[in-house]
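Listed below are the structures to be examined.
Note that subunit A is present in both complexes that follow, paired respectively with subunit B and with subunit C.
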Partner chain A sequence: MSEKITITIDGKEITTDTEKKLLWVALDNDIYIPNLCAIREEERPYAGCRLCFVEIEGLEEPVTSCTQPVTEGMVVKTRTPQVDRLVKTSFELLLSDHRLQCNKCPKNKACELQKIARERKLKLKSKRIKHLERTFQIDDSPESFALDPSRCVLCNRCVWVDRNVAKAGCLGFSYRGINRIITTFNNVELTKSACTQCTLCVEACPVGALYFKE
Partner chain B sequence: MNSTAIENNYNKLKARAEKNLGSLENKTVIWVGTATCGRAAGAVEIKKFFEEELQNNDLEAQVLETGCMGHCYADPMAIISKPGFPPLCYGYLDEGLVKRLVQDFIKGDDPCYEYALVALEPNDIFPTFEDFPRGLHEEKIILEHCGFIDPEQIDHYLATDGYAALARALMMGPDKIMEEINNSNLRGRGGAGFPAGLKWEATKKAEGDIKYVICNADEGDPGAFMDRSILESDPHLVLEGMIICAYAVGASKGYFYIRSEYPQAIKQLKRSIKQANEMGLLGKSILGSGFDFDLEVFVGAGAFVCGEGSALINSMEGKMGMPEHKPPRLAVQGFRNRPTALNNVKTLCYVPYIISKGADWFNSIGTPGNPGTAVFALAGKVANAGIVEVPMGTTLRHLIFEVGEGIPRDKAFKAVQIGGPSGGCLPESALDIPIDFDSLQEAGAIMGSGGMVVLDEDDCMVRIARFFLTFTQQESCGKCTFCRLGTKHMLDILTAITRGEGEMESLELLSELSEDIKVGSLCNLGKTAPNPILTTLRYFYDEYKAHIEEKRCPALMCPELIAYFIAPQKCSKLCNVCVGSCPVEAIYNRDDGLKAIDQEKCVKCDNCLKACPTDYNAVIKVSPPHLVKEMEEAM
Partner chain C sequence: MELLEGEKEVIVNYVEGILEEFDPVQENLVPILQEVQERLGYIPALAMEMIATALDLPPVDVYGPATFYNQFRLVPPGKYQFKVCMGTACYMAGGQIALDSFERRLNIKEGETTPDREFGLEHVTCVGCCTLAPVVMVGDQVEGHVTPTRVDGILLAYDAITDEKENEGDK
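Entry: the complex of A and B
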């Protein structure tokens, strides 16, 4: 059973209950922590984007706040040199593999990457990390939306809603390492998969990878 | 629990096994080592040659199979045990040698000592393992029987006191076993060195209607094959460890997670499980104790990342082999969300010995905090490659230069790579470091699961780092940002450096990325992936610098940074071998009869260097490549 506890984030005292994850407690109290892959309803966080780092008093290294249960008296800092460094690198790495043409992107101004850049004063173009030039196939077979993997940050959100809300089971990951890609079973076009075109995945996508046409 | 019943049941099994084996006494037996390493060298044919030759000569002798003795450099090998002689071991066997041994030794009475490598029992005539430097440093616990018993026959295991520890454990009860394992300070051999006792304790205490034990036999490190060797050579030892573990933590079901690339080991395990079931050592009321336990083999698809605990569980549950954030620990919430004790093959192998001989005995071997032995697959530029077992605390120098008998062909030692893709490269100055979990970690390497590759002056450290990064990048599951993209960028930087396209600033970026990936990655694959880079940067910085600033590869290994040159003062003029060896016709005859290489055409295949007769050794490599011009002009 959960019980009321008090924690401190960036000097602000917050009353909350146990069994909550730190990321949500912070966000609910207007303290922004960058995140892409977190899903409130999911008990076992995916923890793949590696953007939600914070420092907790008593712990040697920064931890991901989406996986961190809150405990009584916990003292949290969302901005420290070590946290900022990790978030910066992680963000730069993600963008090094993200086709960046914001003005042509349907998610322009509604994109989580832009939000992180704004909140944390990070540049969308990295000086030190080279941009990876890769080509991808756009799948625009569905009527109202399309999937452009060159903008995908592999956050798993679409897969999660596909499995847990839409219960269609058409999206998933294929391949390992840098070749990992979001795709359908057997790599067929969405319309040839189990996709029902419910568009829940499009709404879940934090970037312009799954987007509404027009 | 009925102790007498357990003891009686065990004694019956053992007596039966001894009786069956007694039939081998006073008979000539030829044991051929047919584990995967032996097979690769032709052991199956050797066995056939022995059988044919015996038949042709109408000789009575039994030809049996055994596992790997760890002396893989001398494969194929066989042990001949003939009444009146100490059992003798022969290596480098071929058809001719087999014929000779059958004629002279089996038929006649001449043991052909000139071909014998070692005797297996003390005697007055021929040296035993203990008489060699390797024997001085080696101390075999879990490899004791490997290569000396027939893994296909449970009787061989039983006759060498196999399963006695299980009988003992069943009489001790779970609490006593836990106490012994805790006191033994046994640390996990899967890489991280986590105390086995703590893990078992957590599984035992965790709540769950069913509990599982899983043996991690994924063994994905390139170059590591110790677990395979044990599973093929002494499978019942692993089974016994599993059953004791299950009994201690209260598990009713166990799995071997093994990669499909290990067909021989899979076969051996399945056979062993069947045998143990038939003998009442598995299944219902083991040895009459009332304890039920079943074992099954799960064949994994063989991804490196599936060796990571949570990825392994996902893969067993039919999901993608992808690591999860921890906690929850597997001990609390593992396979099918039940408490699960996951241990490496070798970790489990120590268990029967600890139960039989006690925690104090185990602590007397190795060093405080790192008791027991370390098992390595010694490979690379070392004379005696193979599987070795030495007490923890043995120095790297002793292991490489005495057990491994040093670097072949008078080359100079450069580095030793320990721990595979998660490990690091240590230089000459680190050779006196004792081998244990903590010391190696301090030096930047890790114990890992036991791969050890020796490198000499001809190995380029930047390329070595690149080799491992290629591996981790391919094997990264791709889930988390740091590992998926970080290793890719590091690999790209390394590749550029080996091509002479690197910049000094990129070395800074390499270390920055390394540090962030170490802290930021989700699982240990990513967290340890930078180790090969960090250690080579730390110990071989000059080599990176030479590649970048001088476009020079000091080891003359990076194709883009070397050129081939035929030294006029060495070339015989009359020989034409190099000309013919070149696949692109880059070598031509000059007017004066000397050979020369058209650098434009040369594809750096190394053929001419290998082809040039050793009398001349006229083909040389130079770096940076532009040196060739200067040398040509100086002619």
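Entry: the complex of A and C
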């Protein structure tokens, strides 16, 4: 049962209900927390991007706000040295194998990575972590869109939409660790897969991995 | 990889049999894949599709775990499987050079098999005879001190130099 409660985020008092996860409460109240993988409708968040950390009074360690239920009287800080450090590291790791070339990217200026960099004053190019060059084959077989796995941040958003909204069962992750990649079954072109070209996944992609051709 | 003549029937037969031994639930996916690999030597795409249908999953959800675990191979092994050692001793003594030579000569990458299924190439990590580094295993035969010239020698013994094969194909 949802019930009305009051919580405090960065000193701002907010009335909300217990159904919502902390990330959405913050975003709905114009408090930005970086996030790439969160999906509002999902009961069991993927929590893979590790960008939405916050600190909660009474908890020793920062927590991911996309998985955190809100409770009466909760006091939240979105920026602390510990949070900032975690977010910076996650961000640098995500970009360490990202084919970064914003001026040639169809998502330039509408990209969530750029937004996070702007909001948190982070650099897209980090010197701390060695860069890993990705040169996966671009799949531009669909009529209106294309997939460049070298820009994928493995956020799972397209897979979620593919399963839960489009119900096509076309996209998934394969291989492991540093080789993990978004693919179709047997890594065939999208047009040879279960893809219906509904383009819902393209709209879900927060970066320039799935993009409209024009 | 193209299926050989009659291979499709064999796969369908085996996989149908295996699927009968398991409850069709996702928890059994990995045991089923293990069984398929055990009996067929690899996991063909057709088998993954059959498993997906049986477990009511999209095929890509079978492909994910099948590529996640190192123990599964999606390419059939060659009749002769060249296992190039990449253990510490062999690596230091030029294992990579041996592997590169095999790749160039067989015209396949590590983990692949030639289209005629004669030769497969993979790496292993220490086969226990480091003094012979760099080491290559062919079946259970050990070849030591494998320099690029030795690679050619080994391949000649198995009739596997690709230039000749290509010429044959041109005829």
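Keep in mind that, in the parts below, the second predicted complex is superposed on the first by the 214 of 214 C-alpha atoms of A that agree within 3 Å, B and C clash if a C-alpha of one lies under 4 Å from a C-alpha of the other, contacts with A are read in each partner's own complex, and residues count from 1 in each chain.
Here is the rule we use: a residue touches a chain if its C-beta (ideal position, glycine included) is under 8 Å from a C-beta of that chain, and two chains touch if they have at least 3 such contacts.
Since this is a predicted model, take the numbers as computed values, not measurements.
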*Can A:Phe173 be said to touch subunit B (first), subunit C (second), both, or neither?*
both
_First (subunit B), second (subunit C), both or neither touched by A:Arg50_ = first
*asked:* Under the stated touch criterion, which partner chain does A:Ala194 make contact with: subunit B (first), subunit C (second), both, or neither?
replied: second
*asked:* Once chain A of both complexes is superposed, is A:Pro142 in touch with subunit B (first), subunit C (second), both, or neither?
replied: neither
*With the two structures laid over each other on chain A, which partner does A:Thr184 touch: subunit B (first), subunit C (second), both, or neither?*
second
*Looking at the overlay, does A:Pro34 come into contact with subunit B only (first), subunit C only (second), both, or neither?*
neither
*More subunit A residues in contact - subunit B or subunit C*: B
*Of the partners subunit B and subunit C, which touch A:Arg85 in the superposed model: first, second, both, neither?*
first
*Looking at subunit A, which of its residues have contacts with both subunit B and subunit C?*
172-173, 175-176
*asked:* Which residues of subunit C touch subunit A once you look at their complex with the stated criterion?
replied: 45, 48-49, 57-64, 67-70
_Sites on subunit A touched by subunit C in the complex_ = 163, 168-176, 183-187, 193-194
_With touch defined as at the start, can you tell me which subunit A residues reach subunit B in the complex?_
44-51, 53, 61-62, 64, 67, 82, 85-86, 89-90, 93-94, 96-97, 128-130, 132, 154, 172-173, 175-180
_Quick check: in the complex, which residue numbers of subunit B touch subunit A?_
303, 305, 320, 324-325, 473-482, 484-489, 492, 509, 512-513, 516, 519-522
